[in-house]
Amino acid sequence: MSSQIGRKLKVSIFGESHGRGIGAVIDGFPSGMTIDQEKLARFMDRRRPGKDKTSTPRRETDQPEILSGVLDGVTCGTPIAAVIANKDQHSADYKNVAHEARPGHADYTGYLRYDGHNDVRGGGHFSARLTAPLVFAGGLCLQYLEQRGIYVGAHLASVAEVQDDRYDPCELTAEELLAPGQRAFPVLRESAEAEMRDVIEQARQAGDSVGGVVEVAVTGMPAGVGSPVFDSVEGRLAYGYYGIPAVKGVSFGAGFRASEMRGSENNDEFYIRDGIVRTRTNHHGGILGGITSGMPVMACIAFKPTPSIAIPQKTVDYVRMEETVMQVKGRHDPCVAVRAVPVVEAVTAIVITDLLLEEGK
Amino acid sequence: MSSQIGRKLKVSIFGESHGRGIGAVIDGFPSGMTIDQEKLARFMDRRRPGKDKTSTPRRETDQPEILSGVLDGVTCGTPIAAVIANKDQHSADYKNVAHEARPGHADYTGYLRYDGHNDVRGGGHFSARLTAPLVFAGGLCLQYLEQRGIYVGAHLASVAEVQDDRYDPCELTAEELLAPGQRAFPVLRESAEAEMRDVIEQARQAGDSVGGVVEVAVTGMPAGVGSPVFDSVEGRLAYGYYGIPAVKGVSFGAGFRASEMRGSENNDEFYIRDGIVRTRTNHHGGILGGITSGMPVMACIAFKPTPSIAIPQKTVDYVRMEETVMQVKGRHDPCVAVRAVPVVEAVTAIVITDLLLEEGK
Amino acid sequence: MSSQIGRKLKVSIFGESHGRGIGAVIDGFPSGMTIDQEKLARFMDRRRPGKDKTSTPRRETDQPEILSGVLDGVTCGTPIAAVIANKDQHSADYKNVAHEARPGHADYTGYLRYDGHNDVRGGGHFSARLTAPLVFAGGLCLQYLEQRGIYVGAHLASVAEVQDDRYDPCELTAEELLAPGQRAFPVLRESAEAEMRDVIEQARQAGDSVGGVVEVAVTGMPAGVGSPVFDSVEGRLAYGYYGIPAVKGVSFGAGFRASEMRGSENNDEFYIRDGIVRTRTNHHGGILGGITSGMPVMACIAFKPTPSIAIPQKTVDYVRMEETVMQVKGRHDPCVAVRAVPVVEAVTAIVITDLLLEEGK
Amino acid sequence: MSSQIGRKLKVSIFGESHGRGIGAVIDGFPSGMTIDQEKLARFMDRRRPGKDKTSTPRRETDQPEILSGVLDGVTCGTPIAAVIANKDQHSADYKNVAHEARPGHADYTGYLRYDGHNDVRGGGHFSARLTAPLVFAGGLCLQYLEQRGIYVGAHLASVAEVQDDRYDPCELTAEELLAPGQRAFPVLRESAEAEMRDVIEQARQAGDSVGGVVEVAVTGMPAGVGSPVFDSVEGRLAYGYYGIPAVKGVSFGAGFRASEMRGSENNDEFYIRDGIVRTRTNHHGGILGGITSGMPVMACIAFKPTPSIAIPQKTVDYVRMEETVMQVKGRHDPCVAVRAVPVVEAVTAIVITDLLLEEGK
């Protein structure tokens, strides 16, 4: 019943795509952290649309204005509120879809949920644009974690049937982890970029769209964080990931592949290196019994293809209760997974920071 | 940081495998429901071990004693506490594994989390035995939901590489939904039973284990329940599912397959039947924008193979900080996914009941 | 650990007295309510300082800008964010008090809490100015409640030793309840205004300040709302009231007087009028066993005298760890209780709305 | 909507007065604490009824059986469940009051809240007997706090019009703090015992009852704990205190008296002693801006007179909707405040422990 995540670090997201502004309130962020504004801007820039053909040409400056909780660039410990003004809205594009349920979108379910009073322009509160304040909040958390030697990185593990390489789940360094995020296109295997761009461009030209999978990892994670039963690290992260638009699957470590393995294969053998307990494989994704093991935390998040496609689709007008055919107009990413990479990093950073603060670790 | 789930319906689980007892406190359950004790016992029986070779021969009567919140078989509206006494423990079996980290288990992470003070006998609080009170709580919720025409059912979608059929995601009836749960072995395609039993038995004889996938569905689910951003139905359910031991993946609708689809294929066309908005396919798993659409809610949960295997494994003694080889003794299910089917139903029922109560629907 | 209140209706407050802006995010507010902007402005105006000598001469327009959650004046059901820009700050007034603990203020405790990183200008996040967004949120809730026939009103029960009359706890009408709020000075007995203004003015001229008590009541409250043990209506309201700066006491019904009564006197006799169960007296303050009885909810909230006084005071510099003498400069209300009356109404409305939404009533 | 308190330390209370048992689940208690069972029993004994004429002659052994979370007397870190069996119920005493609303009791409001399905025997879930598991939970927290040098103590500040002395709010030692709890009757001034026993006995003989005030204090409290706006230490404690049956008022420091003081009198002058910032008076009750100052935390809690009195009272049968006259039978404390003293200590300890754990302090 809420647009909020977190226990001790609470991140509240507000706004509609075509309203006056969107933003976040971050309550419980530690005091005394000097914000690296440039780094934060670079991180937010990775999510920003309009950079090339893989994303919507809608241009946003997305410059968050910090209203509170930061003094002379240092966090105060009090709630940090940030607002991003909405500027480049083309509401006219959406006028004709008012009561026609765009397939794959939340128009109809949102209509039911809010008794028809929600702002549907541009997807309203359901818009992927709401991930901008989320990335702002996540960017602050990433800086907090980095100060503690904890790094979060992600890449496009696949787009449609095109596969990237995977992170080394055992020997992953911070450098390898963060490399995809420093590229224009977030992949590990450089040659994957052209292949993925091809499949995305083909979909775009066909008025269609494609899905993808984002792999995310956390290195430097302290062991012993999380809880059995209901407060597992997996449960907390998955709850967060399902808050990202278009996510339909979340797995950790070997994930669904584990269901096809024998125990003798899936079990990760423990050993000791430099006085630290480690595992030789990492099918457990750095989490055992809901608690971190000290090995990299590894997750995969599946994104469905962008529901907004130019191809005409059969649907209904849910007010007139009539069947109809519609063509979605407006500007859209042909593959939401691309820009979702920093969003996944942001959510990961928010949840991990919350867990560490909650457990006083 | 807690063994509790829920907002308005709060289910707290307590106990250790070899302690005096395990149980649940269910706070916020609606008053006035007459409990069908026989139905509840049958449901709990589905999780009970020792019935055949697919599960541990440990015998439990698992008869919960209700201490509060129920008067003359009718719920009072006050907290319902139920205790299951522990009887058939063989603690001696576990003596020799005290500080050796069983691969795939939470021995080491639990040791870190609780500074070495947790009860490790039989897995302690991490034991799958803790799912018994969860199934008790879920059984009450299933009865509440059924009174409202909402049904929850699940089956073994796969064991290792053996596949069962899948539920019809659009035309699923309550009868088809509940059929697997009424069989001795919870599958849709009857011939799948022998194949799955084979692969499980082979693993058992080899001292090994296998994983599996459980598919769960909810029919009769009211449309318009759930919220965008962080309180999606997917997020709430996934958080619950990751509280079940051995879960490593959770997906909704087309799940990870959606990442390989084109938008034109994945988008579910809307239409009207008998005055109700429906979709012709159900790749969205009954949830759009985090909110139920009225179509069946569909999820898949991946279970890793049972980590307890008889084959000797390399590991460490995390107190002496020495590498060692161990052989896990004790009695174990060669495939946890089998008995997990009612546990998945239970968690689904708990989360759906909580959502409905929270939203006053 | 947070500047937030509520379960289903979550109100987050942010901002510092001399920062860029203050505001609120209101998550979970019902959709479809047309906001009466003029009524809201009038309500916020009651809290606004600078109207006369009883309050600080600081002038604020306090016009909240609604950024989200409202479309064409109607609530969407999505989070409502409102920002009030800070304009009339005189930070220079506070420069000399930087590390001197103003007695009765949170300078020293805030310094410890935030490791010295909080914005101390004008009290920062501790400033009573933060009650402006709270009054905005409460104003929306008051309108929601009024649509349901539930009214919240308050008055100055006392200022220093000057007493106002008390609300009739049994036969209170909405008209009598709301009358004090429609006056320039919120009292029941009109002659109390001059007496209270006198005692406040005397304190002001002496460079001193006075405390007071606010009595608040709710009429039209449905019976049966709230819970025994920890979710009593008293507990929820008290938690909210203690979020208002300067509150040191909260009581319900007969309150502390009940401790001096005999049971035969304090017990409220039940009777039936017009088919409704009522009580002839209302020492229980409309709440029995934590649950509303249908009688008016009655509470008293004690405010300490404004800690900012012009008289020189002994104190310490908590950074230099030296004792010193300071004189608080700046503009201050000589009696915070006066402007706290609408703040008490706002908090009451927020908590009652949250309870009703949470219980689906 | 729940019988639970806490954020990181969650205490759930369950049970009905005449059901099978009552108990508590304590989730989040730190691991590794050796429980002093004898001390715990002594503490629980202070709440136990039937010791003398000031309390109900109902005899309970109230021996909690610990089912989980404790191994060899040491806390595991996992949920601690404790059950107290109900034995000495005289349900017949309550038969005739089934639908007659006992004045001052929650019979009628409970009937509405639970749609008539709650167990009304002996007050059911509303019974003061439910404070027994609360005292168990609080007893564990007291031991945790004492290990850290934090002490919680309380005494009967008044019974009806008879006053005890008050704790010295500035120079309070642990010895003075705990002295009343070590006496048979929890007062500071020994001569107050006879006076209070007199006024209670007079009420008892008259078939009547009396109220009282409990003063509670915490010494050794670390400074800097708590938060401004909604998570004040006052708000957290008050929320807890209002969970104790019969509480109608809660104040901190000077409390309601502060409302009659001038700022120059109420402000507590800061000074430095032994390198520590202190105040010369403690009208602020150890809390400024919602945050602890390091001075003793001081609160007063007002209890109404026991509503169960032998004198015939006018009331209604809320099912037949008829007015009637009733005489409450059964065994009752003529002054609930006496046995409430350890309950207040317990709730204080629970809330303070939760705050410390939550803030990682």
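Which chain is which? They are A, B, C and D, in the order written, and residues in each are numbered from 1.
Rule of thumb we're sticking to: contacts are C-beta pairs under 8 Å (C-beta built on N, C-alpha and C of every residue); 3 or more make two chains touch, one makes a residue touch a chain.
Please read all numbers here as calculations on a predicted model, not as lab measurements.
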(request) Would you identify the chain whose Cα-based centre sits farthest away from the centre of subunit D? (result) A
(message) So using the touch definition from the top, which pair is joined by more C-beta contacts, B-C or A-C?
(response) A-C
(message) Can you work out the whole-Å distance between the CA centroids of subunit A and subunit C?
(response) 39
(request) Express in whole angstrom the distance between the two chain centres, defined as the mean CA positions of subunit C and subunit D. (result) 27
(message) On a C-alpha centroid basis, what's the spacing between subunit B and subunit C, in Å?
(response) 46
(request) Please list all residues of subunit C that touch 2 or more other chains. (result) 1-4, 7-8, 13, 78, 113, 125, 228, 358-359
(message) Considering only the defined contacts, which subunit A positions touch subunit D in the complex?
(response) 7-8, 78, 228, 357-360
(request) Provide the residue numbers of subunit C that touch subunit A in the complex, in ascending order. (result) 1-4, 8, 10, 12-16, 19-23, 25, 27-28, 31-32, 65-69, 71, 74-81, 83, 113-119, 124-125
(request) Sort out for me which residues of subunit D touch subunit C in the complex. (result) 1-5, 7, 13, 101, 103-106, 108-110, 112-113, 125-126, 130, 158, 160-161, 203, 208-213, 223-232, 234-236, 238-243, 245, 247-256, 258-272, 275, 277, 279, 283-285, 287-293, 300, 302-309, 311, 313-316, 318, 321-323, 337, 358-359
